[in-house]
Amino acid sequence: MCKKPLVGIVMGSDSDWSLVKKSVDIFKKFDVEFEARVISAHRTPGLAADYASSAEERGLQVIIAAAGGAAHLGGVLAAHTVLPVVGIPVAGGALNGLDSLYATIQMPSGIPVATVTLGSAGPVNAALFAVQILGGANPELRAKYHDYKEELKEKVTKGNERINADLQD
Amino acid sequence: MCKKPLVGIVMGSDSDWSLVKKSVDIFKKFDVEFEARVISAHRTPGLAADYASSAEERGLQVIIAAAGGAAHLGGVLAAHTVLPVVGIPVAGGALNGLDSLYATIQMPSGIPVATVTLGSAGPVNAALFAVQILGGANPELRAKYHDYKEELKEKVTKGNERINADLQD
Amino acid sequence: MCKKPLVGIVMGSDSDWSLVKKSVDIFKKFDVEFEARVISAHRTPGLAADYASSAEERGLQVIIAAAGGAAHLGGVLAAHTVLPVVGIPVAGGALNGLDSLYATIQMPSGIPVATVTLGSAGPVNAALFAVQILGGANPELRAKYHDYKEELKEKVTKGNERINADLQD
Amino acid sequence: MCKKPLVGIVMGSDSDWSLVKKSVDIFKKFDVEFEARVISAHRTPGLAADYASSAEERGLQVIIAAAGGAAHLGGVLAAHTVLPVVGIPVAGGALNGLDSLYATIQMPSGIPVATVTLGSAGPVNAALFAVQILGGANPELRAKYHDYKEELKEKVTKGNERINADLQD
Amino acid sequence: MCKKPLVGIVMGSDSDWSLVKKSVDIFKKFDVEFEARVISAHRTPGLAADYASSAEERGLQVIIAAAGGAAHLGGVLAAHTVLPVVGIPVAGGALNGLDSLYATIQMPSGIPVATVTLGSAGPVNAALFAVQILGGANPELRAKYHDYKEELKEKVTKGNERINADLQD
Amino acid sequence: MCKKPLVGIVMGSDSDWSLVKKSVDIFKKFDVEFEARVISAHRTPGLAADYASSAEERGLQVIIAAAGGAAHLGGVLAAHTVLPVVGIPVAGGALNGLDSLYATIQMPSGIPVATVTLGSAGPVNAALFAVQILGGANPELRAKYHDYKEELKEKVTKGNERINADLQD
Amino acid sequence: MCKKPLVGIVMGSDSDWSLVKKSVDIFKKFDVEFEARVISAHRTPGLAADYASSAEERGLQVIIAAAGGAAHLGGVLAAHTVLPVVGIPVAGGALNGLDSLYATIQMPSGIPVATVTLGSAGPVNAALFAVQILGGANPELRAKYHDYKEELKEKVTKGNERINADLQD
Amino acid sequence: MCKKPLVGIVMGSDSDWSLVKKSVDIFKKFDVEFEARVISAHRTPGLAADYASSAEERGLQVIIAAAGGAAHLGGVLAAHTVLPVVGIPVAGGALNGLDSLYATIQMPSGIPVATVTLGSAGPVNAALFAVQILGGANPELRAKYHDYKEELKEKVTKGNERINADLQD
């Protein structure tokens, strides 16, 4: 990871790490430089402000923010940057993530946080969305994305074979 | 309002003002010094940080935060102060305030925002709660609060008279 | 609008137009070329497929999809393109947009639709998010976005003045 | 399965297969020819379009679509056919299927997807509903359905015996 | 309406009539014979049982049931017939139809009620679904349905023209 | 159980029996004669109608109805009797009983089903409520109920002792 | 109203009176003696305790409690009496009565509040349920209730005539 | 615990004790005198009234109330005291605590219960909030709270180290 990261992955607590690792897998697959940080909007507000404020000049292109409960992280980062911020609402807790979904997505006019799937698909889709953004200036990345879509189709074909084999039995 | 304010009322947008004015009415009734500010956690994050960080040394005892939608204001202020922060979730919008309720109350362990009624009772109850807090060091305020509870009872008595008059007709 | 559009705004019904116009206002403000289409995922599925499949080669960089109810439009477009698709869930109807929020955002692993605010802030934030994406390759646009953030702050300052004037009275 | 299938069962992922098998059990019980396919509205949109577009001329009478999350499958198939499409919302995930219920049933005016029970009764009831549809032109099938209703009654009688035996103890 | 009706439209209260009339419009458009009845599952349970029990021998092919609140009508009719029962959950009331949606669709294993859109699209889609069912044995009806799908497309084209005219201004 | 039952406990499926047994425990404790039946509103609609229609003349004073999902049982029984029907919404399933709560309680004007707690307290409270009803004509039962309330208090006292012992450690 | 009341109708605020009057209409129709009181569980807790504690000896047979928001009234009354307490959850406010429904019905094991329809049918059904309870010891009341059920049927017949007249036009 | 308690922790059932213990840990950490009681609003209403009525003169400064289901405890205590009452909604049960959240927070105008996080963070945050209130008159406590905020930051730093170590592997 010696090259300058293009994507900053921020999570509100290290307990989100096992989920957020799925974003890492996507970036490794697409060979996209990234960095990962635990930054709490509430426990380390100064750090959150500094991270987002300096993100543009440090060369980041996209910020991904994962948080649960009263998930303010995406909004707090978006408040301090002009970069696109992609929110991952983390499921779990008594409201099972409905709180994090609403707290992440319902941003007021002027400060968007574009939010992805609540649940295990969230970190995968956040990373893929970042790759789609980066693809605008990187034809190689875009080509890889076309390949990725073919892979998705192949999995469906395999699923089809499996269930029809099962039906023959 | 020449004396030093004890309570800071912060709202995320001046569109919340007509609602938040009900807090003002309570503070005037109890003769409690307050100040009111529009501070957006997302549009003016620096201002929010400065306001909360300096609140203790400026002599505030309680902060009230009113916001709607992805209501991060209470949490952002609480992140920067050791003062008690009371949250007013503002109803309205497509989710009718369920987003602001969850975004205000579901704070992570370590950073409480004590939240009051979603709906028109919210700003009244937030201000009353602040009065209850201040009452701990102010016996005169506590005495007034006992009177206030009597007033509440009298309204019920009047309501009773009204409906029984209606039944006689 | 003679230059090639960079953003395609797609709405599921022309009844969404009054809402989606707010996206148009943002693009005009930032001087970003766009196009707008009514395409129904259900009534004109072939058109949806064609639009998304050809979007990349036609030079679009971002697709915005606005739909209500069982809002499949974002997902259907995302299925046919490698471009980032930003979803606007349209409020209204018996479930007041909770259906469109869930149907837009809960995409399966592999096919992201990054979704913005349910409610009137949605089309504004979708357009701003597109501007943030385009800003990665366009320093001028990014500079304008910094200006825009200043404007947001000024509105808060004005709001502050208004409520404090009101308090003096 | 050498005769031409009358019902096409489509599922969005082979992970839905263990649930969807309950539809298969019903069709076997009623001796109704069917076929089963994994087709993803998002990963294989072309396949979905082709399947539904050709369904009528291939002799299918009913299509059953099972999907979870942002369950677009039923709607996407219905967009491409004049056959009745019966939706099975698959429970599970962070929203426990409320997303799939809303995304399946809340179709716009003009493109119905008739949706059955969210939960384990879903695939049973979807298949039974298909049998009811086919029964309109098949008196033998209708007769079997009358028998099936008698079976349901007998199960209740047995349940009664069981609890009353338990009460005697 | 001298020919024998093929579809029975049942509503729980005559207050549902203004909504249910939209089903009537569809049947008139497709020239499908129908009958309409107010039958309450709770106020006239005997009538409900008789209606459903005799529906098959009276030649009905499909029953449509519209009800609000604790909407038991679809389930009560389905209990007494082998015909397909299509449920229209009627929106309104304190829970805005979420009660009628759940009470209509969440039928136990063995007794399906296939349910359509909650909201104004419901009666349109219920009637269209009945037409799709009847189309299985009526090629003329199926041909009309293909025409209907073309009409839907044309409305989208017109919507497109309208918004692009608006954009030119 | 040789005396004539005063309460009829009806459940929609014998799978509800382990829950409904808690009602039985209460009736045994209060020495109230009861009977228990599995009657499905959907699988055995005729039985449901007969049971409720004959309940008054058979000497029943209260009917308790327990059902899950689209819980029509309480409403169907209430349609056929002038006796008070107490509904137990059974939790479980994909909507975790929210469907049974709404389907039981949201009865239209004219046909009440008085509904108790969703969850494990439901069958206890339904039975206690029946005892309260029967107490109107049975002073001995009422006296026992006063004793029962004392028992409830004693449990709280014991709980207090337990936690304070724990605190001393 | 010179005879001793059998039913006590209690409401948390005189703003509930226009709703609760529908209970009064039912009691007048059935000629059942009642009394009506405004008693707030929170503003007049002592009054609530006194009212419920003395209800039995004053000859009341049933208490009806109507309240909105955090509707504690039913539970507070039930805590102090062995009489059956019927809860009317009052709709309205930011959560549109979902709060009052849950706060009324979700009573812990041991203290039932049997709850009726959320919405305008609530006070009608609460009163009818009280009449059903009182009917156990009053054959005349029970006979009137049978008549009432006939009236309900007649309304359905009239509704039928109205819509069929409309269809003829 | 020989000094006079400043905070009274009240829980509705001793089954809440394992959760409420987290409040105790905070008070021990901050060296704040407290007392803990099991008091049921419904099973021991007199005790609840007495406890709250005498709390002020016994020297309590804050009352914390933890309850689940139809959680009336906070409201019932607040009805009888002018002290600030902080509510802990206890998760669990069929509605997973949504009932306790609404029943605790949705207090009517005049009787606030300031409510904290639904879920395991609740008792921690309730206790911290009480410490913030007490800090107004206790500079030493306030100093400790500043230290506590530093500890929170250190945990984030450690989390950061952990995930970056994991990334190096």
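Points worth noting:
The letters A, B, C, D, E, F, G and H name the chains in turn, as written, and every chain counts its residues from 1.
The criterion applied here is as follows: a contact is a pair of C-beta atoms (placed from the backbone, for glycine too) under 8 Å apart; a residue touches a chain by one contact, two chains touch by 3 or more.
Not measured: the values here are computed from a predicted model.
Chains touching both subunit A and subunit G: B, H.
The mean-CA centres of subunit D and subunit H are about 49 angstrom from one another, to the nearest whole unit. Spacing of subunit B relative to subunit C, judged by their CA centroids, is 34 angstrom. Shown for subunit C are the residues that touch two or more other chains, namely 13, 40, 43, 69-70, 93, 95-96, 98, 105-108, 110-111, 113, 117-119, 121, 149, 152. Each chain pair that touches appears in this list: A-B, A-C, A-D, A-H, B-C, B-G, B-H, C-D, C-E, D-E, D-F, E-F, E-G, F-G, F-H, G-H. Those residues of subunit D that touch subunit A in the complex are listed here as 1, 11, 13-14, 17, 24, 36-40, 43-44, 47, 69-70, 93-96. Within the complex formed with subunit B, the residues of subunit H that make contact are 56, 61, 82-84, 86, 101, 105-121, 124-126, 128-129, 132-137, 142, 145-146, 148-149, 152.
For subunit B in complex with subunit G, the touching residues are 91, 96-98, 117-119, 121, 149, 152-153, 155-156, 158-160, 162-164, 166-167.
Subunit H meets subunit G in the complex at residues 12-13, 40-43, 45-46, 49, 68-72, 75-76, 78-80, 93, 95, 98-99, 102-108, 110-111, 113.
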